[in-house]
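First the structure, in the form of structure tokens, and then the observations on it.
Per-chain numbering from 1; labels A, B, C, D, E and F assigned in written order.
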């Protein structure tokens, strides 16, 4: 049952990936794309956790942790670039 | 200590480099002395290594005490020791020349210089394919820093091209290494040689592709046609001591080609045997021709020297391609061509700095101070570069021709190239030294103007002469002691022709 | 060992003489003379021996295994040439002292002269052919210096380069010929080579070898069609010409013919090539000489002609002809040296060499005139002068040899015609210069030169007469030993005497003398004819056209190849890689697809790869909008990391993720200073070409990957997995490989990182780039430099991130993680501080500086590696142990961790150094006076 | 004192996080955690000089509970809106006047606003007096402002300021 | 593991996945940037949260001992996600998106 | 799955090559980045694709080949360093040339 649920869940997350990526491609504005990328990162966290459960291995957890901790840096840098151009001033 | 001999030439420059970095606030003279001491120590180590392997035994150093093929091994055979010694000797004079102020024109010159030597020594000594990649990257990244040392538009452009080309090359290298691992299941050169013999046909394609991609990478490093275009600009663009040191960089490519040509794809390599043969000789000869034309067309001493480096690369590789005798001749010719190239670059720079009006361009100008002296030095260098008697260049050419009796093409190309190089150098010499203008006020004005930027001549004349004289001395020694040198080269070639020794030394008494 | 020192004496003497320059002309003259004398003295004993018929060979091992030892040989021929070289050299030295004007550095001339003398001695005394060639080329080089002595003169430079090019080319051909000869004879040593004549002549390589050697000889001794360099070499000071073109340089060629006569001669090829070329040169030179108005020009062509004569003699190939050849070598050397010196005197006294202006010098310098007339009589072959005897022998040989061969009857005729012209130009030399009315507006009024300037000429003229009148008593013995050495066999019957009775040879001489005189008197129409002669057919013109053409060609080719365009170079690289890789893959026997069982495609995997591919394509298609492309690349990086996770590589995923973040920041920092969009400048053709290349590369990579993935993996995984825990003390095999099994790779890798950081630091040293004040759409930047909310949370996150990085570091050895990832996490955490609070704010709070960090990291790594030396283990041997402390509990310590610490420090330091420097570019460009931050 | 223990309450938090990271309560790890909890703040003292003082711990906990609950609600609400589609919502910007002055408090507020009822804190005015908030589906701005100030700002104010 | 936990897990996993999906869905469905901004910051936090709880339970049941470190992910997300959202909104305002 | 990965590697390499051949430094840098992704994946693929068997010794039956992973890790680091350097170099070039063309001279940018 759990495995079935997992398959379903994977499908949903895959769909989420697709949707986020659609926005990434479509834009139209740069913030839209950045937002989409940020969402992709969060989707990735979900994916990693599902993978961990599916494979019954905790080894994938750190990746999720790392994204949670570092994923936003890219977004922040991009936004700062839009705001100020120079991100380290 | 003797037990660790093979790694000493690698660790010494690393240590010096890190120390120079750690004590970043050292005064320039102090840095020079430290660097000099390190290079001298390296020469000592290289000589020790050479004597240790000259008997014919191969030193194997198992890093981390892991057995080959799983761990990384350093392998010091005659070839490696020969290359290391050449490198260190070259480095000494390049370093001394750099002391004329070039090293102060930017940051971290000496650190980068030492780490470059680190990379070179590692590349020559390692017995592991991927480790070779790593050391290639080390010497490349260091060379990037050195090539751009000092800045300036031409230098930056040449540097950019050089860097991007080599980054692309590194990518190809990774592809090649991956393919070879995928096909042969190992990275240790000796193990690869062993496995190549028993390669299953379904993986032959992968192995061949990997091997030939390796050739592409090494050809890029060695500046073999058609991957030679980066060299003249890069070498003539960078500062003289760096260009002098770079004289060995192309030889790294040659070394890698020679190593894989004899060890991985030698006679014993079964289906992979002679993988390079169809490509090597034609490309090498073509390189010679194109490069000679370039030398003939060159408009400055720097570019002329750059193209002559290409000629020597072509000559070397065609020697490698004609078999064991050729390799022996080539190995004798290798240090000569290295020192000569360095000599030319240093001379070109010394002359450039003394002709503020016209630099090293092949146009008449007022006589420079101590005109006759510089003229004589250039004459000697030209004799060496054109492969004319009595210097070692002639001996090298003679040996190569002698090794290729059945190959009229090799003969024709090498002899023709020698003639054209002779004409190019004669033209250059008579333009720069014979055809002199009276010193005019305009020239003097130009002198004062552009002298501000460059290192002032005179101040460092003694140092320049020391470095240039040193290189000339090396060439002279190579001429006088051609007998033993060629003996060693010949022994090396024979050792390369017998990969079994290498393989057994690395893998123990495996069949 | 006497010969080597004897040869080295002039060479080393050259340096000495060059040094004597400051002590005045006389000093250098004496020095040069003494050096020459010394060389002569040293060889006297051996010369005596060889005069007695002995052949001395001295050997010094050099490159024995290549058959190249220093070996010297003193025999008759060597003796003859040594005498010519040194005696005439001595005379030239004396002469030059008076000839050269005080303005010119005499010591330089002497130095070059001695250098040349030494190399010439080497040529004639070499036993080893290759060594002979070495000296041969040295003569070319030193003659280059001599001819270009007056370096300011264009014709001198041109002449010198021409001589060098042609003789140099000959030398290279000669090298080839000698190597072949050595192949055939089995040695480069003359003794063996001379002995194995039959083998050589029968050998298939004989003809190529012969032609190559002849090429060398003919270029050197100015045989047609290579003769033209010699007249142009007349730009040299006259003493030089007197030396080079009478006794030495040009004689080297005929010397070679004589030397190898026993080996190579006696075949049709030899006869036709050598004889033919020699004869035509003899004729051509004689004809052209007549029309030269330049005194030295006339002599130059006469030299060519006489060398042709000698060549022809050797070409005839009979022993007697060879003897005659040797004899004429002697005679020509003597009278031609004298003539050149006389011409030099005239030049010196009149300030010109144009025979149309120099006339009737008889009244001004009768003494010199007499000397010149005797010498030119020898040149013409008038009885009582030495030239007559050898020419007579030549005529005789021409008749006898002509009788034996096809078209032989032509031979005497040609010879006679040439003889006629020879007489004609000799007559002209005498009559035009010394009689024929009054001089025409000379720069200065000529008079007899100083006494000592004539002495050398007098000596030579005396020799001319002595040899000419009492040949048997004077020259015969020398000729005998020399010819003996040439023939390497019994000497043929010959008697040197003035009178041989009325034989054809005598009649030919008579015809020549009479005809020549008549020809001179009737020369006007001939001159008129010659003036209409087409200049362009001259060798010099053709040569220059060739060299210029070659240069132009070279320039075109080089410009065409080396456009300095990076794109072309990259395209070439890619094409080469494709060609080579393709060749490897295509020529393989097996099918592309292997037999390994494949994994099934699941939805998420499909979606991920789809996203990856689309993102890549989009990034490529839209690379003109740089920021968009950048964001898309970020997505690609993320997916790559996910792929790593999916296929069991957690460490890679962590690394990829953290590197990704840093890369994005890096690119953003750069993008700030670069245009926001890429102009569309590539032509469609170019775009299509690149697309094609890209497509091929992509297909190639995919094919290779597919081939790899569908084949079984027989790598060496098992060893690592089995030894990781027992041998490396870690469960995370990847990490154990990185810090232990292949720790040396990591050692190098962190060095790369460190060097990159330093290189960048060096690169940005004085970089000043103005940052744009508006974004791409012209909107001014937001005023809020450091958003407060970001700043606050950044501070809050720092301790947490550090904690995590410590966590990742500690567990690395057993679970995914390790020094590198930990380092990146720390670096990113700090970079966030820079993002949020700016450089200066963060800088002053940073507890450590980057350079020390990097250095200490490297040193720690090094020391960890060296530590194992203390235990007698190789570099980087790891050790680990399990400890149990109260309260803390049981834990593991491994030396690999220390190494990892080094990695950690380097990563932190390098990453920060890289990014901070970029951040500083802007500030530096804003306030230039603010020096970039020092580490 | 301050140099030695700059953030008294950061230490336990870090120790806790450390234990969570390692998923253990082994004594060794506790020691190590406390050690790090002390060392890291000391190490990063420069980055966070001003001390954080919590005036009412009980408030903190209650606030935490409220916050988590709101997150739950907000998520569901937004999810419904998403499913309902764009037509059903009317987004608008609202300027929320602020009484908080404490940086940390403000930042937390901004964050919480992002996480809870369909709002995103978009811009903090330079003088930190107003916060521009974007609401996903809001008919009555006043109501929204009131909610924010009552539900979040007030507790934060009493936690971080007095 | 017993049925109850399995049901619970499945439920959590599904809910989490659904919320993740919805979060991304909002990116597509909403018309302007600011409304799109809401989805990821909220729906996903809950989605990921549920998944994390699921994982926490899963490993607590299967693995050895309690597994709580999933909480950290949520914790970090709570801190970081709003920051990105905030800055993005700020940037959008700056660019004058409507 | 293998086919997908091969396809991905191909796409990354191809696009990387295309961008590498552009005339502006930034495009070249992007190209190099894509290329390094491609080659890293390729190198990783030489360990073949294995799901759920990370090379962390835990008494499992089989593991993924750890060696390629280690190599890729090294490769990632090195290519990061190189990318960083070339980015800086592009800035330096920008300063020296006043434009971001790889040859510093936009007009002669394409001669096919």
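Following the convention adopted for this analysis, a contact is a pair of C-beta atoms (placed from the backbone, for glycine too) under 8 Å apart; a residue touches a chain by one contact, two chains touch by 3 or more.
Everything numeric in this text was worked out from a predicted model, so none of it was measured.
Shared contact partners of chain B and chain F, listed by label, are C.
Counting hops only between chains that touch, chain A reaches chain F in a minimum of 1.
Placing every chain at the mean of its C-alpha atoms, the farthest one from chain D is found to be C. Chain B has the Cα centre that lies closest to the mean of all protein Cα atoms in view.
Of the two chain pairs examined here, A-C and C-F, it is C-F that is joined by more C-beta pairs in contact. Chain E has its Cα centroid 17 Å from the Cα centroid of chain D.
For the pair chain A and chain B, the distance between mean C-alpha positions equals 49 Å.
The distance from the centre of chain D to the centre of chain F, with each centre set as the mean of the Cα atoms, comes to 40 Å.
Taking the mean of the C-alpha atoms as each chain's centre, chain E and chain F sit 31 Å apart.
Taken residue by residue, chain B touches two or more other chains at 130, 134, 137, 141, 144, 148, 151, 157, 160-161, 164, 168, 175, 178-179, 181-182, whereas all remaining positions touch fewer.
Across the assembly, chain C contributes 564, 566, 568, 570, 574, 602, 606, 646, 650, 669, 671, 701, 704, 708, 713, 715-716, 720, 741-742, 745, 749, 752, 755-756, 759, 763, 782, 784, 787, 789-790, 793, 796-797, 800, 804, 815-816, 918 as residues in contact with two or more other chains. Shared contact sites, meaning residues of chain E that touch two or more other chains, fall at 23, 25, 37, 39, 67, 69, 72, 76, 79-81, 83, 86-87, 90, 92, 94-95.
Inter-chain contacts, as defined above, occur between A-C, A-E, A-F, B-C, B-F, C-D, C-E, C-F, D-E.
The touching residues of chain B, when paired with chain F in their complex, are 130, 134, 137, 141, 144, 148, 151-153, 156-157, 159-161, 163-164, 167-168, 170-171, 174-175, 177-179, 181-182, 187.
Here chain C touches chain B in the complex through residues 61-66, 68, 108, 130, 133-138, 141, 144, 148, 151-152, 154, 157, 160-161, 164-165, 168-169, 172-173, 175-176, 179-180, 183, 547, 550-551, 553-555, 557-559, 561-562, 564, 566, 568-570, 572-577, 580-585, 587-592, 594-595, 701, 704, 707-708, 711, 713-716, 719-720, 723, 727, 740-745, 748-749, 751-752, 754-756, 758-759, 761-763, 765-766, 851-852, 854-856, 858-859, 862, 866, 868-869, 872-878, 935, going by the rule given at the top.
Residues of chain F that touch chain C in their complex: 1-15, 17-27, 29-30, 33-34, 37-38, 40-42, 44-58, 63-74, 76-78, 80-85, 87-92, 94-95, 100, 102-103, 106, 108-112. Touching chain C in their complex are the following residues of chain E: 76, 79-80, 83, 86-87, 90, 94-96. Within the complex formed with chain E, the residues of chain D that make contact are 17, 20-24, 71-72, 74-76, 78-79, 81-83, 85-86, 89, 91, 93, 110-115, 118-123, 132, 134, 136.
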